[in-house]
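For reference, chains read A, B, C, D and E in written order, and residue numbers begin at 1 within each chain.
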Amino acid sequence: MSTPQAAINTAPPSAREMAQIAIGLTVVCLIASIILGGFYLWTEPAKEHNVAAREQLLIRQLLGLSDRAEVGEVRRYLLWRGTNLEVFYLGESRLVQLDAIGNVIATRDVPPETAAEGDVDAWVASVAEPGEEQELRYVGRFFTGIEGGEAAGFVIEGKSIGFKTWIRFFLAVDAEFNLLGIEIIEHEEDPGLGDQITKPYFKHQFTGRSFDDIATIEVTKDPLPNEWRAALEALGETELDDWLQQNADNLAVHPDIHAITGATISSVAVADGVKRALRNFRKRMDLVEDHL
Amino acid sequence: MSTATTRTSPPIGTLLMRGLFDENPVFRLALSLCPAVAVTTTVKNGVMLGVAVFVVQVLSSVSASLLRPVIIPKIRVPLFVIIIAIWVSVMDMVLAAFYPDIYAEVGLYVKLIVAFAIIISRMELFAMKHPPMPAFWDGFGMGLGFLVAMILTGALRELLGSGSVFGIQIVDFNPLLLVILPAGGFFTIGLIMALFNWVDVKRGIAVKDDYKGCHG
Amino acid sequence: MSMPEPHLYLSTGPHIRRGRTTADIMWLVNLSLAPALLWAVLVFGWPVLGITLSAIAGCALAEHLACKVRGTDSTVYDGSVVCTGLLLAYTLPPGIPLWMPFVGGALGVFFAKTVFGGLGYNIFNVALVGRAIMMATFPVEMTTTWLTPGFGQIGGVDALSGATPLVSLTGGPEAVEAAIVGLPEGMSEGLAFLLGLRPGSVGEVSVLMIVAGAGFLLWQKIIKLTIPLSVLGGALLMSPWSPDPVLYMLSGGLWLGAFFMATDYVTSPSTLKGQIVFGVGIGLLTGMIRNWGGYPEGICYAILLMNTMTPALEEWFRPPRTAPKGTPS
Amino acid sequence: MADAKVLNNNQILVEGPLPTDPESVRLVRADDADILLEVTAVSPGSEPGTFLVTTTETLQTADHYLMTLAGSDLMWSIAPSAMAVLVAGVIGSALINNMVFTRYLGLCVFFGVSRKKETAIGMGVTFTIVGLLSGMLTWALNEFVMRPLSLDFLQIIAFIGIVACLVQGTDLVLKKVNKVLHGKFGIYLMLITTNCIILAVPLLNATNEANLVEGFALALGSGLGFALALFLFSCARERVDMAPVPVVFRGLPIAFIVAGLFALAFLGFSGLSFL
Amino acid sequence: MLRLFASHHGEPTFARGGIHPDEHKELSADHAIEPFVPRSVTVPVSQSLGAPSVPVVKKGDRVVRGQLIASDEAGGVPVHAPVSGIVKSVDRGIHPVLVLDMAITIEAREQEDEPTFQEQPGWETLPREELLERIRVAGVVGLGGATFPTYRKLMLPDDAEVDTLIINGSECEPYLTCDYRLMLEQAEAVVLGAWLIAKIIGVPRCLIGIEDNKADAGAAMTAAIERLALDRSDHPVAMEVVVTQTKYPQGSEKQLIQALTGRLVPQRGLPMQVGIVVQNVATAFACLEAVRNRKPVIERVVTVSGRGIHEPKNLRVPVGTMIQPIIEACGGFDDEVVKVLAGGPMMGRALADLNAPVTKGTSGLLFLTRAETNLDRYQPCIGCGECLDVCPLGLEPNKVSQYVEVGRALETEEFGPLECFECGCCSYSCPSNRPLVQFMQVAKAAYRHEAAKQRTHA
């Protein structure tokens, strides 16, 4: 709108001017690239650090870890060779290669320099050696929390199709696959309706359930009883263990997840996603836990 | 605009007032609405983008003023765009690196500052014709005007839409969800613009009516 | 003979007038809406009356204040704002808290009517803007506060947890079966829908009552069949994709919208072909939103969306001139 | 790959010979291909040469599944077709997430050229075409140059550069090729550079790592959505022009409120899904 | 007896639009035409469309009834003394339409040689030119209200292919009964007049359109046609009365043509273009008198009606008769009267005061009370589309009014203001009481003004 009129109505430039302009623009672009490159070099490490730190903070919170605890990441890749599938798990120091039914084909140590700062995806690709028209696909990850040298729990990244688009969530479990809590990372559910999945009263309903509880969990449209709601909302204020003790009865009395009023689809999406993510995670852990 | 023709620099007060009220880039000129309105569902986001625009505006204006002697008039518009793009990229990277939380919500809109008509128009209309100091204050005023608009809109929408300001719960009531929806954003801006018009009416200034100009 | 010196008025012709004023029309429309309200009171009890009065009060207050501020005579009595309030109330679930219709009505009138300069200048159907605002503002209350129909037990009906049947229409036949509760025993779903013995919004449960009111309007020549038939026809075209076409066509919302909202003079095209396209568009959009969209009752948004087309439709579909083009003499 | 599609919540219709045993069917979600889904039955489909696979898993049409048969080289990819993705993408970005009414993008131009229907149509047409071109160009640049070289930090400057060059180029070509068209649409070309939508499309595509179809759908849908919004809004504004709008609301305030009402109406499309 | 409730058994009418206002014809329908002669007359020199005529008498002159007092040398039509007497003044006076105009006032004096306008033998066989000339010198104009000089309308261009004459006996305006009475009382004269016109324009067919609320007039006319058997005269004309539905504006030329023949006159075109000439029954009667009796148009039948006048009547009054004496002749009027109209209630003009004369075009004088007329304020258009439904031409008065309201009259051409003949159906039906006809007039005036401006620039 405000593009200055003069810029639109200029006469065609002469050859000398053209040269001048070309040189001018080249110089400017060069300078621009240099400035931006400089800033990039300055900010990129900070950005990566901050993004990772954010993630780690969340994971620590979910698992109830201290600042000293370590958080490791395990990445999962798929590679189809024709109709045969291979699965790769990349831990902090090891790469595990499995076939479709879960037999370990090979394990490999990750070179220290790759682990330090290299492009891990590229390294896995180079190891996996996909053939023509075959693509190594990164499909997901989970985190392990290590407190005092022992595995303190896992955080699984999962997603599920909600009312509009994908709902992404983190799922924290302890070593026995009891659910420690969930956190919604990304969603586009409707304000006031579906977006209530991020509210404590909904997401805390999953907390403290065992693997078997989750496997059979159902979503009910019955309204959430007030005292149960209050208890759920209080979870953030007390330690998890205390809360679980106090609410053992509540958990037993309310085996189902109460759907958000008016947003059953979103509620079911989360519950189904959690159910599936946990089930799949356990299956995978059974296969690779010993090899990572 | 009167300043376009005169090279004597207006006093700082005038420059600030112009940016804040008389030619407020959001409520008066409607020149930098696009991403601006979208992020004002909370004050925090509004402030974030407001500051980004403020910085980009000041830096771009000063850059343009400093570079006056070497800018080839024929390609000044592309040059302006490049200058803005540089500063926007810089802001983008800085925010992404150091404020990842808010950046996750307003990131796209920070990048889109590059298409803000207000910035290029201040460069063309003012900075190109004035030394760096006035250009700084002009950019300062306009940027501030934008920032204030962001805060105002953000505060209003957050208060009505979620009962809080800066994330701090102020009133506890059934929030008017409408206000944080896109439709409510339009309504809010429209109402604030009407308020500006109302102030004009009270001051005895005729409301600028784009609509019924020179028909028949 | 001494002649009285009369005070004579001057004007161009015509000097006589049919005599039916805008206010007459509006009050007749309000009258035609009465059967549906009476039925709702019988089926859902007194709260329905409260909702209706609350909506009307909200609309009337906004209108009255607007007139006050502008310094003109209050236009509350011309009936149009009452009509807005009635129609708004008819689209609400019968268990909604009483203050909400008031807020919705007031905001609807302000944003859809007042700022445009009052009756005749609005672009969108005011009642439906009110409803859309309420849907956005109170999404939970607007979709969950249903009551089970209890004919004859005024004041004593049960709250119904769960969705209105139409929500479930999108969920497949089993879901429909599960959701249609509170129907009189032994009555077929179709008949229950037709009579209005089912959970639903205040004024839209009974197709029969709506049609009765519409019949009155048709008889009074206040509305024509063009738009309603087009709407119903358009909706019918989309019915094959509905899991239950019969209930889909027998939902009162469709009929209320077709006869009372799509026919709103101000926001619908005034030319014949324009009205047909307008109506069919509403029907198609309604079907689309109901079958594939996120809302159970699509007609509200369908009408609002087609309202945006009204100026264009009036321009594209002009009334044909009677006489052929000729060389001017 | 042979044809197959999700029929309902737990059935898939497959084109191919009926397998003898449900056990031989290996059905997986593409992202969880290492986890087999439980197949309870296979039965002949309604048409010859097809069969139905029933599973306990709740299937979703928008999701991507893969199926193989034990002892066979056949593989079925069960996902929305490219056409479906395209249609869904176009409808999504034109109606459900209309750039103007849900993301507030392109407002400057939106309010600037919506005063008359004619200009609105001119701008809409020009924008849709140029937007599609620029969307595709920037997508290619991002996909084949910037992403492989990790030049993300040059996104903004590169995208705006491409848009500016494209607009200039289109202007020159149009001027040479068709003077009439240039006279008609030339003025809008210049306004396109200040329309954030044209910049938002490549940025969104880059963020979402869109593939060709998705990128195309977003570019086309955004253009069409903008054109539609502009046209409808201009109609409304021409009407508002003749209304006795209260003095404090005249000009921009009423335009914003009308836009808000449009946004309210467009809420009707929210949640629309044909997949 | 007048039929108040018309039946619509397949009777023809125009295809589109139209209204059914309350007729009020019962007020005056049964009152036979009475002659009335005032003591003085004030005859405006403008008695037709076009330039005013030029007075040829001066103050103090003695004039005889039927004597030329203003000539058509500068255009217009000749004007004759309606009564014998003395010219009291030649001055500016009030004109019912033009507001102020030159008028000749004559004080009536009984004359010994008062002309009697006897039938002139041999009139039937006069050549066409002579017939036309007699009509011209008699100052015959369209007496339905249009006041277009009749001889000019009958002087068809050589290339005109006209095959039908339509005599307009529709009298679709409410209240008015002057044509009805004329057809009832002077059926033969009207039929003869029609035949005469058919002869002048050389057509073999004449249709007489009468609305079904005047069926007895139709019957009288049919009987007259049968008696006169003009289809066997030296210029045979097949004459037929066509009873149409009662619907306003059936009496408008183009609507009547459509009703009777199905032909559509092009937009802004003339009936001639579809081979038709239309004349009003009173004009036909005047033509006959002009030719047969060499009697100029010096008097006409006026319906005096309305709820405000004590004794509604159909009066034959000399042209130039002032309204005051007519009121007296009709027993005076009520205090309730708020509007006095010259013409019908749909297209007639409201008079500013009672000091105005009857002209050749005055078909009625209506005294309307507050209850009958409409003095309400108008409101914004609510888009009901009623005006689109009732407009017989398919115009868009709603749009014109909206544009004119915001000062954009020059953007309305596509909505048809230039074609509008101001029948008033739209205003009549508008629930918001919008003066749509007036908006149409404003738009027309704006275009006229614009055209004039362009002419001066060119």
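Assume a contact is a pair of C-beta atoms (placed from the backbone, for glycine too) under 8 Å apart; a residue touches a chain by one contact, two chains touch by 3 or more.
The structure presented is a predicted model; accordingly, all values stated were derived computationally and were not measured.
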Shared chain contacts [subunit A and subunit D, defined touch]: B, C
Most distant chain from subunit E, judged by the mean position of its C-alpha atoms: A
Closest chain to the centre of mass proxy, which here is the mean CA position: C
Chain centre separation (subunit A, subunit C; CA means) in Å: 47
Distance from the mean Cα position of subunit C to that of subunit B, given in whole angstrom: 41
Separation of subunit B from subunit D, taking each centre as the mean of its C-alpha atoms, in whole Å: 29
Multi-chain contact residues (two or more partners), subunit D: 108, 153-154, 157, 193-194, 240-242, 244-245, 249, 253-254, 257, 260-261, 264, 267, 270-271
Where subunit E touches two or more other chains, by residue: 380, 406, 408
Touching two or more other chains - residue numbers and ranges from subunit C: 111, 117-118, 121, 133, 136-139, 294
Touch list for subunit D against partner subunit B, complex: 101-108, 111, 115, 153-157, 160-161, 164, 193-196, 198-200, 203-204, 207, 237, 240-241, 245, 247-257, 259-261, 263-264, 267
Subunit A - residues contacting subunit D, complex: 1-3, 8, 32-33, 36-37, 39-40, 44, 78, 80, 82-83, 85, 87, 98, 100, 102, 139-140, 161, 163-164, 190, 272, 276, 280, 283-284
Sites on subunit A touched by subunit C in the complex: 163-164, 190-193, 221-223, 261-262, 264
Contacting residues of subunit B [partner subunit D, same complex]: 27, 30-38, 78, 81-82, 85-86, 88-89, 92-93, 107-108, 111-112, 114-115, 117, 120, 181-187, 189-191, 193-195, 197-198, 201, 207-212
Touch list for subunit C against partner subunit D, complex: 69-70, 111-112, 114-118, 121, 123-124, 129, 132-133, 135-136, 172, 285, 288-289, 292-295, 298, 300-302, 304-305, 307-312, 315
